[in-house]
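What follows is chain A paired twice: with chain B in the first complex and chain C in the second.
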Partner chain A sequence: MAKYTVKRLLQSVLTVLIIVTVVFLLLRMLPTDYYFTEEELIKLSEEEKQDRLMAAGLTDPILVQLGRFYGELVRLDLGTSSRVQAGLEVTEIMTSRFAVSMKMGLISMGVSLVIGIAMGIIQTLHKDKFFDHLGTVYIIFVNAVPALVSYSLILVFGTRIFKLPSLYSTNDVARTSVLPIVCLSIGSIAYYALWTRRYMVDELNKDYIRLARIKGMSSKDIMVKHVLKNAFVPLIAYVPASLLLTIGGSLLVERFFSIPGMGPLLTDAIGRYDASVVQGCVIVYAGLGIIGVFLGDIMMMIFDPRIKLTGRGETR
Partner chain B sequence: MKAHKKEDEMFRFAEYSAEAAERVGYSNYSYWRSVFRNFLKKKSAVVMSVIFILIVVFSFVATAIGRYDYAELKSSMLEAFTSPNGEYWFGTDNLGRDYWCQVWYAAQVSIKLALLVAVGECVVGIIIGCIWGYVRQADRILTEIYNIIGNVPTIIYMTLIALMVGQSFLIMAVSLIAFGWLGMARNVRNLVMMYRDREYNLASRCLGTPIWRVLVKNIFPYLISMIILRLALSIPSTIATETTLSYLGLGLDVNTPSLGLLLRNARSFFLQYPYLLVCPAVIVSLITITFYLVGNAFSDAADPRNHV
Partner chain C sequence: MKKKKVAKILAILLAAAMLATGCGNGGTESSSASEAVDSGSESAAVSEESGSEEAEGGEESTPADEGGEATAGEPIKDFKTWASVSGGDLSTLICQHSEGTDVGTVGANCLSPLLEFDNYGSLVPAVATEWGTEDEGLTWTFHLRDDIIYVDVNGNEIGKCTAQDWITSLEWILNFHKNAGLNTSMPVSTIAGAQEYYDYTKGLSEEEAKTMDNSKFLEMVGIEAPDDYTLIYHCLDKVAYFDTLATGSCLYPMPQGMIDKVGVDGVVGISNEDYWYSGPYRLTTFVPNNERVYTRNESYWDKDCTLFDTVTVKMIESGDRDDELWETGEVDHTELSTAKLTTIINDPSNQWYGNLAETRVAKFSYALLFNYFKLDKDGNPDENWNKAVANDAFRLSLYWGLDLSNIWYLTNQVNPMSLENLAYTSQNLGVFSDGKDYVNRVIELLDIPEGDGTKPRRYNQEKGEQYKQQAMEELGAEGVTFPIQIDYFIKAGDQTSLDSATIYKETFEALGTDYVNFNINTYVSSAADEVRKPQLQSFDVIGWGADFGDVSNFVNQGFYNDDAAIYSVERFNLDDVTDEHVIEQWEEYTRLGRLANAETGDKDKRLEAFAQAEAYLVNNAMVIPWNYNVKWQLTKVNDYSKMYAAYGNSDIVYKNWETSTVPYTTEDYERFKAEYEAGGK
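Showing the complex of A and B:
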């Protein structure tokens, strides 16, 4: 177990390193004009620009720059923004925004885990009856209709019927966060419900469940002690996927409700070609995704002692 | 010596011939005929596919029968926010431009993009997936590539591409394919690995059947069901990605009307003028939902295990 964890951790670090390197090299291919603010670009002469670039070390050979970039990365220094918030440290810009995104993401992941699994259980208990079909309709709707359309619908219903505010505001965080969290959660809820139902139905058809029935175990006990426990393991494996969904969704949701999180920062930075901010955001998002998948694997191993990822092939 | 030679001649690989195969074990089972028969049994799926085809065809007719042409739209503030009427069938937007032709044009763009990406993903995914599953040496490196790309949300890559390469229909299609083939390839690989060493395939290979025929005739029928399911999911998800990216200003360029762009422009107004949301939303949802359901039904019908 420890050996596998270390191996897997090293692999994740390597993946992050590769992605970071690729992003760095890609962004260095952009024209150097983008290292100046729009104002400077008009004012400065060619020579002055060259001097500035020299001073910042941007004319050095690419490998030297890469080495320096790794050094800065270790010290958590992501450079300074040149356009979005000119002169400010990227880490400084990101921390406050990251906190907002993180809080919302975690809440929505928790909400979707609870509601999704509950929905899957209800569907299994009412298999082929009204509630099962209702759940299936919901899952099809969420999967098929583009997220933007369903967000718009939530926005319309949320503001018209529940009188909730349509834009995020720092003065009334609790009330204005409701709709964004609902939007962030709908995808993951469908995901968990679908898989909970599928695994539970699979599990219910197995022989040991029949034996438990014959023994005279109550169906509530069978559900809680056998079916749910066994169906829970593969579900854990979907937590990372749901994290990726939430990250992807947050880009759209935060823009849609004007939340001052990481999403709008990334799109703003891209729109204005602020290389160091883009780099910082991508590193954070990629890192989050990779850490999520890593934790998912480890968690699955802890929950199910039967899974031995170390000796692949031998155990089968 | 002579006897030895004779033995060599006695055992030759027989060429495949459909006639000889039929003589040994004739059966009038035809894979595709069974697929369609199973599919037609499901009335709801047939109705759905008719609706889907009608909408897709109509999206191309609609721009022609509309009173306004997308290329010749003029904004006039006097007619801004006209509700749907005889002149403007879907009303007008905030600049007083006809909404009908914008909506249907956007639907066309979405359908074209989704179909292109779905086919591209399929072709690339199946080819790489077969290699991945069949060539053991390739497994390791392809798995690493899968991990690197799959661990990061696709939308992050798409934003980077929008920054580095630019924004256009073609760039978007190519980059969606470049990241979309992974899922398909992964599924194909798993199935190919599962069926590769089944006894009947071992027997086939021992009898000298070329690998491509084993792949096409013995393994491929098991893949079709999964491939169709993937296709059915890919079209709605491509449309969703396109709307998301266009909404963020990172998708198609501003001159191509797309659903994302329409909803982006309407975002500040559709609380007062719901038809700006309802018209595009209903059309696109009909397209994606029907296709999703038809794909699911067809995928069930395509599974050879359901044919007996």
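Showing the complex of A and C:
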């Protein structure tokens, strides 16, 4: 296990380094126009533009810039923002946004897990009956309709009928979080419901369940002790990654409801050529993704002792 | 039994989840959504007719009679507004470190400038009670109030505002390592020694530049404070308009105490908690990409002004969302999107039909700027275009022959004629001593007939045709082939730009496809790198807003052989032109413009000289004035009561605004406009 963890960790560091280097180089290939606003592009002379790029260290040769970047990384310094929130450390910008995204994400994940799994169970219990069909309609609706359309409908419905505010506000967190959390949850609810139903139905058709019934085991015991437990194992791999990715925020929902989270940060930073923030975000996202997969593997192993991550010198 | 109970509870939960997530109501909502789309496309289909009909109706066609009632609301105490963050939120709270209006607005509401505007755009005292020059603009003296204090975010007094704060601010701006070159263009072009100090600090190491005291700065730069409440600027030359810079970010104060508190490296990223406030408001909440709340500053020096208790600015991801926020009562004004305006204007029973109000003319003046030295994709001169654009008759055929009303209709369907722009400079930037607007004087000098407000004044199909025939004859003799290819560029995938380019194409090709062929080309990500640097475009349409209150800010941009003339270098590409006639024309324009610049003693003479230069420019169609920006809104604010600035980036100050808790009607707005114009100069 320890060997697996160390190996996986080293692989992860290397992966993050490659990703961040590629992003660094790609960013430098963008036209420097991105550094300026439209008005600045019209009004600044070429010399003034060069001065500003020089002040941001963007006129140095690319290898010098790359070396400086690696040097900062070694010191665990993600640099300072020059455009998104000029003068602030990237870590400071991201920390304040993590908290908001994570809070929203965790609540929506809790809601999704409870409702989604409950939906899956009900659909299984009423297979091929009304509630099963109703659940299927919901799942198809959520997956078929573009997210922005669903969000718009929720917005109109929520603001007109329930008189809920359409934008998030730090001065009224409870009321203003309702619509974003609903939007964040609808997709995950459908996901958990779909897969809970599928895995439970699979389990119900297996021989050991038939045997349990023949042996006189109660339906409740069969469902709770066998079907649900076994159906939950494949789902569990998805949970840590989802949990960690909540930190990354949702670009669409956070933009839509003006939530000051991580979601729009990366696109803002690219749009404004804020290299330090872009690199900081990429490191975080890549790191979270890798840790999420890693933790998913570990959890699967814990929930199902038959699964081994290492064996005969091989990793999973 | 238990199993059934559990199943029932779970079933109820499922139904509740579906209801909460909007699934159950999808049908109703989507039908209303498609209704909006239908009405939008319907109006687009009849746009040409209805545009002219509405315009013909003029004032009578406005919806005031239908649903508007006299507004009887109370003044708003807590004002709610919005700002778009499509390009990102405030990059800093330090207005000296930004040239954008968003940061300028923070400075204007949180700090007190030397001077500010009244609602007619005239300069009025703020921190400076008296100001002036005795040597035609070489030296400017400002006498400051002695009762202005700084408070912290909680309103506690933390310091006095003195002339020293303007010295600290200018040093900050001109120090390359402190301010990265932002906001330097006006100081270096007007204040003695500013360019030298900027260059000097650029040559220093970052540490040296950030730790130096003010002695070198005061020795090099033309600024002094003989006492705490007197501030003197020494200009490079006679700068007749220097006082108009006093409303802009480059001449805002910066207290040394604030710098000391957060350190030099902490200034640009300062939080609202550490900021020092001397303006009408304190920024009590600032959550990037979410909202900011301004709270009235009880220690503000102007005790007679009207302020809101709070102003909440909500950040939205695009300018279209404000319509929704208006519907739900979350904001107190909205600029209507084209779709929303169409919906309202086509439905007299719409609840907002009687509340449509036209915005005031924005300070930007849009003009068509020709590329006088176009290249083809291989980098070779596009001889066909270059010969055509050098030909007076060709340019004049466009000047007289293009009917721009459909282009204006794209922005303003109710009253497209309000976008008509006949001069190159924007309105209200220069005013003669008898009150006449400079732009009106320019128009007098142009050979344009009076209009009745129903059709474009300049458009003259017959004249356009005559010039077209002349151009075809003259250019044909020079070997130019027809139709002349006009290359116009838009960003790939940008539907709004494509819609507008399509109308451009129709407008240009209405001159005859035997004459011109309008090509809509695309670039991928950078217009500058992919289009302007390789000089591929035939023309640009650019909106310019003045940075200071002088016509030279427009006129000087086209000077021939002048590196500081941005249009000349980057848009006209005059440096590459070899055609003698083109060079002669631009040299003559430059001569006239320089004569105007040299006139510093008499304001009227100066404006008249600029008007002569501009009339030469426009009469020869060296540029073609294109449009202003006027939109429609629903609002609880009387725009005519607001501070008005025809220049600068810090004119949105929430001070002395007349508001109503009930939305104003179209009638109200017509009355406001009439009263304003009657009270004007």
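As a convention for this text, the second predicted complex is superposed on the first by the 256 of 316 C-alpha atoms of A that agree within 3 Å, B and C clash if a C-alpha of one lies under 4 Å from a C-alpha of the other, contacts with A are read in each partner's own complex, and residues count from 1 in each chain.
Here is the rule we use: a residue touches a chain if its C-beta (ideal position, glycine included) is under 8 Å from a C-beta of that chain, and two chains touch if they have at least 3 such contacts.
In this text the structure is predicted, and so the values were computed from the model without any measurement.
In the superposed model, A:Asp202 makes contact with neither chain B nor chain C.
Residue contacts after overlaying the shared chain place A:Leu148 against chain B, while chain C stays out of touching range. Look at A:Thr170: by the touch rule set out above, it reaches chain C but stays clear of chain B. Residue contacts after overlaying the shared chain place A:Val278 against chain B, while chain C stays out of touching range. Note on chain A: of its two partners chain C and chain B, the one contacting more of its residues is C. Of the two partner chains, chain B is the only one that A:Leu244 touches; chain C does not reach it. In the superposition on chain A, A:Asp77 makes contact with neither chain B nor chain C. Shared-chain residue A:Gly289: touches chain B; no touch with chain C. Using the contact criterion defined above for the overlaid structures, shared-chain residue A:Asp221 touches neither chain B nor chain C, since it reaches no partner. Put simply, chain A uses residues 30, 141, 145, 149, 152-153, 155-156, 159-160, 166, 255-256, 271 to touch chain B in one complex and chain C in the other. Per the touch definition, chain A reaches chain B in the complex via residues 11, 15, 18-19, 23, 26, 29-30, 140-141, 143-149, 152-153, 155-156, 159-160, 166, 244-245, 247-248, 251-252, 255-256, 266-267, 270-271, 273, 278, 282, 285-286, 289-290, 293. Those residues of chain B lying in contact with chain A across their complex are 147-148, 151-156, 159-160, 162-164, 233, 236, 239-240, 243-244, 247-250, 259-260, 263, 267, 270-271, 274, 277, 280-281, 284-285, 288-289, 291-293. The residues of chain A lying in touch with chain C in their complex are 30-31, 33-34, 37, 39-46, 48, 51-52, 55-56, 80-81, 83-88, 115, 118-119, 121-122, 125-126, 131, 134-135, 137-138, 141-142, 145, 149-150, 152-160, 163, 165-171, 182, 185-186, 189, 219-220, 254-256, 258-260, 264, 268, 271-272. Residues 2-3, 7, 10-11, 13-15, 17-18, 20-23, 25-26, 29-30, 32-33, 85, 87-92, 97, 99-100, 176-177, 180-182, 184-185, 202, 265-270, 285, 287-291, 293, 314-317, 324-325, 327-328, 330, 525-530, 542, 544-545, 547, 563-564, 566, 569-570 of chain C touch chain A in their complex.
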